[in-house]
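Below are two complexes that have subunit A in common, paired first with subunit B and then with subunit C.
This part shows the complex of A and B:
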């Protein structure tokens, strides 16, 4: 399919971030700043920090800045809670012109006082936004003072938007979490207890995995940060293993927890049958307990007996279809490539907002020749490669969805807003069903492609 | 009586508004072959795109100058210039809106100066017309951002050449379906008009075989330029201060007479709009519109008894809140709580005039948030909320059904297709309001009456 505007793609600096397997051998350029004017799909430091921290259910999340940053992140994500729902509320210092001129510190203090009095939270997270970094409010000092005054943890989140990209925001969030779980004395290690890092309990995904592990005889102390609370997070240092789903956001946390608490970690993935089975076996192998091992096999056998045939049914309908992927992190892209393989589908384009070099290496190995791999893509590139590569479907987030639809392509919502789980065996079946529902919908035949 | 500003609180809890640059994007999306760049950090553009894409169900391409740490310290001009270069190469637009952000304004970026130098330097090649709009996030709500962009658009692009008999029609932030309805009415009245901004096709674009990065439609540049020479301006923008009123600008700068009207929602406002068009064009109201008017009257009568049971909370952008409040008053629905997140403008005065005669005193809230709105709704017999999907907690927590209208609609499909103005749109909206009241009645009247009157009922009802 020819491009209607062939010169659209003429941005030299972008070429280094686009690779076609089998045609270009140099490694892809990633982790670079977005180029001005290219319409990057990436967000900012604040976004990264907010995504990771927001699912802490009983925290007051106070955004220090003008109203927009709070408005655009208010209750937009599908993290579920078994307890408090304070995290679904948006709190902002709503800075105005006069605050910019005279400084926002006094207003911030008043806001913290009000919230402490009204909600009595154990922890309050105070996010800095772009201008807070510029007008020089001393967040650290204000939070320290407020902590003492109210007898609660008030923790600054240094997330001024311009101070890096979304990945830097992940790291900021990890530092905050480390502060929250810090213990003054050594804690006893509990055998068969683990922490589950990088699952935000979208549509109850962390609950599904917790259920599997429980059945295997393994207790999840806490998920970072899906359905977590101040109390449960504090139990993290006693775990004997960290497993990481979203490596992009939580890889750093796992490394730091290994340094500080000596807790080893495993990168796992519960997206797709193949990865789920392998991940459960690796977790079981880590504990080296025959009872856990036999329970794990029983679980796998039972679930595969239910969901294996389901996936096969969908595979028959989807075989040979072509998929394009554009998601936030590298781990998700990698799992998706395998998941599409389970469905007999070929991945013809794969990109991420914030993938890391080693993740792109893995992606490169997994895909076939001719697949386009790209970092920090923009709508023009997504359009071009979806058409050129003949993708039947795109996996992405809210911003990409209407583009796919305008191009007459099916679409999978693999974002934080989703309302059905895509993790574990049941999630793999949901994924297959969603792919089938969109790719095989009757509506496409009416479009004049 | 002054508008309620009872936020003794400092904290904003569950916001009822967004920031200026988001509002300012919309008018540029209603100009033919236009693009927008936001001078700020990458996140601003991305968040606003997401917010809008989910409402309009359309790709929303907005560039960013992606200011980083370095730009914040040494100035972001180079970023903005590179951003302009790249977006012009990618999109080849005829008009580019340059919107600042809280970051850009705070570090002292001069977008007006940069735009003017850029335009001059690149004058030899086809450079799009640049329209800088200072929109710091702390400077007002998205509603003000919308009008501020419109003022900048007319101030930058309009130029006086030769008088013509066209009529400017300036609309506030309404849905593409609403814009289409205004166009239909203008066409039925055989008006020679320029409608600004025209998002009818750009933010609700039909499926076409070939995708266009900048969707077809929007007000053409030449038509905007000629607005300075129009015979009159009709503006649906009574709530905005003069400095945020493009109609006022055209009147004071170019002498184009301004007719400021409320949005044509409800019989009175529609009649005023049609009467004005009749006066300006000397054309009669065609039979098709007369019949629609008659049907609206019929609908009002059909539903009036049900509507009297309504006690409504309305929230959203000032222009919409005013128009909906008028509709409620006309139909005997109590306008109990009237709230906006905006802090400025004539809305309090207009609402006080409007509700002066109401049996129930209306609570008018400026600069409000959903914590305020919810608190005032609780236990007050409010049985209807009208506004964006951001009011969802009113339903979830207070059990008050929400008629979705305005921006954003994030938890339902079709925000871009909601029609609620003109005689026909009013009927659709009014029916929806009445049916929401009826749905509540049907869901519990049997039980209510049993509870209240059945003498031998057990003390605690099972079920």
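This part shows the complex of A and C:
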């Protein structure tokens, strides 16, 4: 039985954010703010800034606001660290009523002082939440003073939630990172060094890619921001290239680094065999070094010999199954569409929370006729299209998991709660195994679909 | 793991590290889910709503729906009145709930939004209802938010029609649906007519049917919330989460309140049963007496496995107070007792219990888990009892953890089973003694490793 739903179930405004390939021709309406009263899956500026900056392992991440914003983001991301675990502490100014009335500046200063004295971190990131913008605390001034007093970098993260959505938070985070890596004088370029942008080292993914590149003869200065530290981030300006996995969060960073340091960038993707192979070749081609090229081919050959047949095996079992995608960024959605194709699966619904117009164009080209494409979906839309389109599987984040399960559909977390690394050759195999395990689980036998 | 917690304890002036509480709105959202066909609505930016839903969704492993006023800069400057009115219109048109329960957030509170006026001015379709609670996160904690929303239900809905209904009201507090089911089972066994609110059983533990119900079959009916004004008494379980609602019933419609502990353990369950029996005149049925006898039997059989063990208990005040009482009943020694929720009453009540029991302990309200970890570094205990966040300390200090309370983000099924009532007591004893024995097995040398324990 479907949920109680009036026939005119979509508000008209929402119609502009939903397209079925082959039927409507206007471009999709994305980047609009969510409608008041919607059950939106979207998060806020603070959330976007925090997820990008959280993996800076040796920073003190201080949340200036009431307790909630800090509580919900305590140790949220499965970012692995090879060094400090300071980032796994939750620091909050825990603003109380008197602070709201008289301003939170005094308390913030005290908190910064206490933390600086306790931990002597090289960098402290001070996040503002909605309320800080309203009570008018001058974060910038306080941080500047504290930096001088303690001789460390205290950097404000202007992430009041209402001033936009998660994408705006990504941009705020990039500005902060740029501030962290800023160097007064020109730095020498290192020929075979690159920065790896948009990998948060979930389940150790950045380490896998670092390993591949090392084998090819390329050194990764630092990943932004997976397993990074103040020191390693500071080496970023010496790179000759930036490669970007998650363009949604780091595209802006790459553009700015090109402007400031003249570092060119490549959009790459290590999701799925096809994209991994292509990305490694493009990186190698960029350096134009025959030794790198031959090492790259050797690596690809070896890995494909192992994982090619693995994927084929899964493909036999998954052929013809249908997938629905609802993820944060458009770029990830694009990679997933291709990855499902590798597995012989058809993508019948694609949605993102913050996809950009160009990304929706690419998605539109990639999918077959009849596929539904939608921006910032709410649960009832997800439900409707998953059922109408007969999806066997949904790929999404934490809020979509229980929904998919309730509908009797398989589910994969492609967000913070992924269980294994999903990047590179091994990651493609992990992904295929996870898809197979959940789609072909005996548990679905209890349900007559 | 947590390598930056020093051994020496120093007073902190301002900073909170590793919180043992979260903010009011999530409690209000949870309470609102306990009304049948209710859509909780978060009046603020969409980020808060997203976080609250995500957190609840992780704890219950069920879909949690709630809508948001989606504040933008404009709303932050000019107030959220038009956002709320648009939201109300849209929600009834799209999601068709019977009732919307609005809670505020830090932001809407700070800009001074006048909810009652906005609600009065909103277009609410015939037969539909909008209620609200003020839940500024810079006061109290998520437990306060729960309590405020329960009070809001009474304020808006409960009426005295002059016709006594012969029922008792039960406010179960911020507990799992498994606990609410258990309390209902006990009351039914006693043959008592009751109204429980809120009641999230059948909402956040709804069965798999292969279709998604936005409003599952559970939840307190609106008629019952109205009728609560005609009941003969209110039993409020857990003073922090439930007193406000019960008091409001007294003030508004003269229903007599009795505030009890969350019924965790033998003593607290006895008290609940006696209170029910006193108010309704019903006898305790043999089946419930049998359960009580079983618990005592189990405690006799197993007491040597846990008696004298030292324990640290942390989490939400009502649960922690009740767990402290129960561990004392079991002959365990609660050395550290901590909640993040502010309130002197917590320290008073726990200290009184400990003094009576002759146990020396550290007790703290408005605490955080950094403090708890420092205490443990100074002098460790045998067992931690608390929510998932304890797992970081459990590893850092190598102390086993029994998961009780909210949130539990790393284990399943917990929300389906009770910790309340005699059944809950059995379950807790099993969890506690098994955890201690696992540890003993793990650490035993081959020659000390025993088959029969």
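What we mean here is this: the second predicted complex is superposed on the first by the 443 of 449 C-alpha atoms of A that agree within 3 Å, B and C clash if a C-alpha of one lies under 4 Å from a C-alpha of the other, contacts with A are read in each partner's own complex, and residues count from 1 in each chain.
Simple rule for what comes next: contacts are C-beta pairs under 8 Å (C-beta built on N, C-alpha and C of every residue); 3 or more make two chains touch, one makes a residue touch a chain.
Owing to the predicted nature of the structure, the values given are computational and were not obtained by experimental measurement.
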| Fit-or-clash call for subunit B and subunit C when the two complexes are aligned on subunit A | clash
| field | Which superposed partner A:42 touches (first subunit B, second subunit C, both, neither) | value | both
| said: Applying the document's definition of touch, where does A:68 land relative to subunit B and subunit C: first, second, both, or neither? | reply: both
| request: For A:86, select first, second, both or neither according to whether it touches subunit B, subunit C, the two together, or no partner. | output: second
| Intersection of subunit A interface sets (partners subunit B, subunit C) | 4-5, 8, 10-11, 33-47, 62, 65-74, 89-97, 99-100, 107, 110-111, 114-115, 129-131, 133-135, 161-165, 379-380, 383, 398-399, 401-403, 405-408, 447-449
| note | As the complex stands, subunit A meets subunit C at residues 1-6, 8-11, 33-47, 62, 65-75, 85-86, 88-97, 99-100, 107, 110-111, 114-115, 118-119, 129-131, 133-135, 161-165, 379-380, 383, 398-399, 401-403, 405-408, 446-449
| query | What does subunit B use to touch subunit A in their complex? | reply | 9-15, 17-19, 21-22, 37, 40-51, 53-54, 56-69, 71-72, 79-80, 82-90, 92, 101-103, 106-107, 136-139, 141, 205, 207, 209-213, 341, 390, 410
| task | Would you mind writing out the residues of subunit A in touch with subunit B in their complex? | result | 4-5, 7-8, 10-11, 33-47, 62, 65-74, 76, 89-97, 99-100, 107, 110-111, 114-115, 129-131, 133-135, 161-165, 378-380, 383, 397-399, 401-403, 405-408, 447-449
| request: Would you mind writing out the residues of subunit C in touch with subunit A in their complex? | output: 1-4, 6, 12-19, 21-26, 41, 44-55, 57-58, 60-73, 75-76, 83-84, 86-91, 93-96, 105-107, 110-111, 136-139, 141, 206, 208-215, 340, 370, 389, 392
